[in-house]
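In what follows, a structure is listed as structure tokens, so that the remarks can point back to it.
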Amino acid sequence: MEHINWIHNIPFFSIFLAMLCGIITALVKNGKVAFKIHSTMVFIVFIMSVILLLSVVKNNEIFTFMMGHFPAPWGNELRAGPLEALMAVTFSLVMLLTVSGGAEFVFKDVVEEKQSLYFIMLNALFGSMLALVYTNDIFTAYVFIEVNTIASCALIMAKGTPQSMVGTTHYLVISLLGSGLFLLGLCILYSITGHLLFPQMKEAILEIIKTDQYRLPLLVVTGFMFIGIAIKSALFPFHSMLPGAYLAAIPTSSGILSGLVLKSYIILGIKLIYCVFSAEVMHTLKITEVLFVFGLAGMVMGSVYAIRERKMKRMLAYSSVAQIGYIYMGIGMGSRVGMTAACFHILAHAITKTLLFLCCGSFVENSGGKEKIYHMRGAALRNPLAGIGYTVGALSMIGVPLLAGFISKIYFATASVYSSGKMAAVLIVLGVSMVLNALYFLPSVIAIWTPEKGKENKPNFSVSPLFAVSIVGFVILNFVLGIFYRPITRIIQMSIELLAQ
Amino acid sequence: MSEVIQIILLVFLVACALAVSLTKNLFVAVIVFMGYSSIMAVIWLFLESPDLAITEAAVGAGVDSILFFLTLKKVHYLKGTREG
Amino acid sequence: MNHLGTNFYEAVSVILFGIGFMNLLLQNNLIKKFIGLNIMDTAVYLFLAAKGYVMGRVAPVLTDGIIDAYYYINPIPAGLVLTGIVVSVSVTAFSLALVQRLYKHYGTLNMDEIMRISREEEGE
Amino acid sequence: MEEKKKLWKHIKAWVDGEEVILDADKYIITRSKKVKKDWRRQFSVETIKGNTKLYGFLSVAISALFIGIMLSVVNDLPEFGNPSNPVDNEVMERYLESGIEETGAVNFVAGMILDYRAFDTFAEANVLFLAVMSVVLLLKKDKQNYSEKEERENREDDFFDENEKRPILKIGGKILAPLIILYGIYVVLNGHLSPGGGFSGGTIIGAGLILYASAYGQKKMQTFFTFRTFTLICVGGLLTYCACKSYSFFTGANHVGFEIPKGIPGNILSAGFILPLNICVGLIVACTMYGFYALFTKGDI
């Protein structure tokens, strides 16, 4: 009997636990029970991921886990290092806080007999995100992208209103276009490399670059795969699916979709850059430059759209477009420092945007279901806790010191120094985008704190305890990331070093 | 000989796809799509993949078309049921 | 390198993909949009299956007890396509259910019309 | 000066978030006019879509460009049917040469998808399950998804099912449905021996069930197939699948436990987990396909 390394089993356990809970929830009729199952599952995954993170950081290692009896080029594989573990910790923590804070929206907006179905979708979504983070096999990634697509569409339309159906249709068509392009890229890549697992593919691609035989196919493949991932993660010209979908969905779903689902595709993209195409090849093919330009465009245009927007949820959706632009800008700098900044911004945006969506849902609720910002005047006075949460989130997005958003902007600025020829562009756009962020976040913050004339604005402290816990948790997390950011960035740097080897 | 048949089938495939795009009638479009799937099944036999041929025949020409027809019926498009 | 003549399967499959793509962009009718999506998917599967084929070899099922890699064609594309077909039928069913639900409220299958009505209802 | 003051007032109001209060009507009118002239607006998808001709031209151009690029890529790709292509490598060799002794499956494709690369297939079964659950979420009748007209139509359909003769369909259904289902079961059980397997066989069984239901009405199906049985079969199948695969993944990765005996290749009881997995997938798929049909017609199973 050999010694079993339990820590190496954690990725496999987390994915299967999530999927298993998704299946079991189908037997549960009551939404409350399903919610309890879901929270317990996410909590267990959170604990396991923390253990995994501590272990891999201590040993400074990336390990692969064989799914089945057959080693690498024949069987499936999972792969976990500090980056994957960190993302798993973040995803489970954010998921736990979002769902516990947003459970009341689910119980209010979804028809009673279908609430348990909503939690099936949440479990499957969580499982698929973990799988996208941990996978070491490109076809597994494709299948889990499809799981992710169906589950996220189901989350959007769970509200059952006609608007949500329209939003879902739009989202579905565009996401399917993205996964179709990804699949096409996968097929061509398979036909020129003959492998499906990341490490073997990387070797074959380096060989191709050396012999110069299939150069054009390789360029087109990389293009298609990254266009597919960009469509999925709503990079600027492909963002049209977000606003409608987020407006119509339950705030819980909007928060999860914008905070986590978009990020899981980006993580897949980062893994593809380092583990399949390798940074040098990406650089020679000029893909990073294209991503960089679109990232910059997204930063400005997303904010411009957001300023024009009068509905709060749509404004937040466009703000997500801008923030995704930041992340792609960091990836496009092509340096490890830029990638570190991008990864840190993924964390910062995940905790901030979900907080904003939850608070926004609460405002909509206490201003009589009206979505527009000027109908929400005094909403923060009616629910001070959500008001504080929204203010902290908005300030963090703008980039006020002591908050998470500030640190990521500092890192972006620092990273620009190391990438020659891009420094001016990055610094100018960063400054412009910060001003634009302030231009749309500050008026909304002022609006929610301004009392409405002729109406009583009695503060209502009787929010549900779970909601309070989640908002407070998010605010604390934001400050923690903003003040004690050192260990986290060190982990990210370490993982980028390990990945790039 | 078999190559000629394969090329004819491929030409049919493209013709079916174009016909689906050009026809105005949804019923015709679904029927043509059914034909497209059947041709695809035959092509997969030529490519020595019987697994795919069985699956495509059962799914593409069978269940997929049933689902499309049911939707057409539900949106009151089929003649002889409830039109308009 | 000039393989366009021999690679006619792949050539046809990319043309089909283009037609499906055009359908997806141009058609306003939802049902035809989703048929276009299906055409796109099957085109990719045709591409993949063609890449697995090797001239003069037989289907990957043990025949006459011959165990030899040079006697059978590549089984990997077949497996991948099988998975892909399942995915595409699930997506088709989901999208058609969505179409029914949309028709129940808006009474039309035209995507532009649906968007217009929904924007009016939203009150912009 | 007057203008300037007004502008300042507007900005102040905007920062304060009370733009509607300040001569709202006029403001909104001028604003909407301005927005139309705005250059930003011209690049948004809606305006391009509004211009049908331009949009059509653009989409055709994009597709043509795409086809052109792809044709030149195809031109550069490895030759069709050539035995020395990059895909003919050690991976395929092992699947074909050691496949029989390692998986016990005569059908190499079944051995590959259910043993070597079983994780993908597990995800695929989950896609199907999620799709049927989302269709339930969309179409199952509840207080949001209910219309009087549809109820009336459903009642009419039921009436026709019971009272119309339809001899060809009924006799055909009676004779064909069992044959189709039998063939489906054959395909499922022989998944590791011959082409086919859980998914194709399950679809065939589902088609048989659909034929029977359309000939005899759904009421008759409901005597033995309710929503409860549907959920139980789906969940049971998936759980069995999950348990089998977890066992083999866990033991495989940690090199512990004993291997499932593979049996003699070619026998029906062989190939380790592949037969039970095929049966599970077949059950799930059959239920799913019939579930789609039932939900699409009646909004209930």
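Chains: A, B, C and D, in written order; residue numbering restarts at 1 for each.
By definition in this document, a contact is a pair of C-beta atoms (placed from the backbone, for glycine too) under 8 Å apart; a residue touches a chain by one contact, two chains touch by 3 or more.
To keep track of the chains, here are their UniProt names: A = Na(+)/H(+) antiporter subunit D; B = Putative monovalent cation/H+ antiporter subunit B; C = Na(+)/H(+) antiporter subunit C; D = Na(+)/H(+) antiporter subunit B.
What you see is a predicted model; the values in this text were computed from it and never measured.
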Q. Considering A-C alongside A-D, which chain pair is linked by more C-beta pairs in contact?
A. A-D
Q.
Could you work out how far the Cα centre of chain A sits from that of chain D, in whole Å?
A. 24
Q: Round to the nearest whole Å and give the separation of the Cα centres of chain A and chain C.
A: 28
Q.
Roughly how far is chain A from chain B, centre to centre by C-alpha average, rounded to an integer in Å?
A. 38
Q) Hey, how far is the Cα centre of chain C from the one of chain D, in Å? A) 12
**Q.** Two or more partner chains touched - positions in chain B
**A.** 49-51, 55, 59, 63, 67, 70-71, 74
**Q.** Shared interface positions of chain D, touching two or more other chains
**A.** 70, 73, 76-78, 85, 87-88, 91, 95, 107, 109, 117, 120, 124, 127, 130-131, 134, 138, 145, 195, 197, 199, 292, 296
(Q) Multi-chain contacts only, two chains or more: what residues does chain C have there? (A) 8-9, 15, 17, 19, 21-22, 26, 50-53, 57, 59-61, 76-78, 80, 82-83, 85, 87, 89-91, 93-94, 96, 98, 100-101
Q: Report the complete set of touching chain pairs.
A: A-C, A-D, B-C, B-D, C-D
Q | chain A contact footprint on chain C (complex, rising order) | A | 17, 21, 24, 30, 33, 37, 40-41, 44, 47-48, 51, 76-77, 80, 83-84, 87, 90-91, 94-95, 98, 101-102, 105-106, 111, 114-115, 118, 121-122
**Q.** For the chain A and chain D complex, residues of the former touching the latter
**A.** 1-2, 4-5, 8-9, 12, 16, 19-20, 22-24, 26-27, 65-70, 73-76, 111, 113-114, 117-118, 120-121, 124, 127-128, 131, 137, 139-140, 143-144, 146-147, 150-151, 153-154, 157-158, 160-161, 188, 190-195, 204, 214, 216-217, 220, 240, 304-305, 308, 373-374, 377, 442-444, 446-448, 450
Q. Which positions of chain D touch chain A when the two form their complex?
A. 14-20, 35, 40, 45, 69-70, 72-73, 76-78, 85-91, 94-95, 102, 115-120, 122-124, 126-127, 129-131, 133-134, 136-138, 140, 142-145, 231-232, 234-235, 238-239, 242, 246, 248-256, 259
Q) Which chain D residues qualify as touching chain B in the complex? A) 107, 109-110, 153, 187, 195-197, 199-200, 203-204, 206-207, 210, 289, 292-293, 296-297
(Q) Considering only the defined contacts, which chain D positions touch chain C in the complex? (A) 49, 56, 59-60, 62-64, 66-67, 70-71, 73-83, 85, 87-88, 91-93, 95-97, 100, 106-109, 111-113, 117, 120-121, 124, 127-128, 130-132, 134-135, 138-139, 145, 147, 150, 194-195, 197, 199, 265-266, 292, 295-296
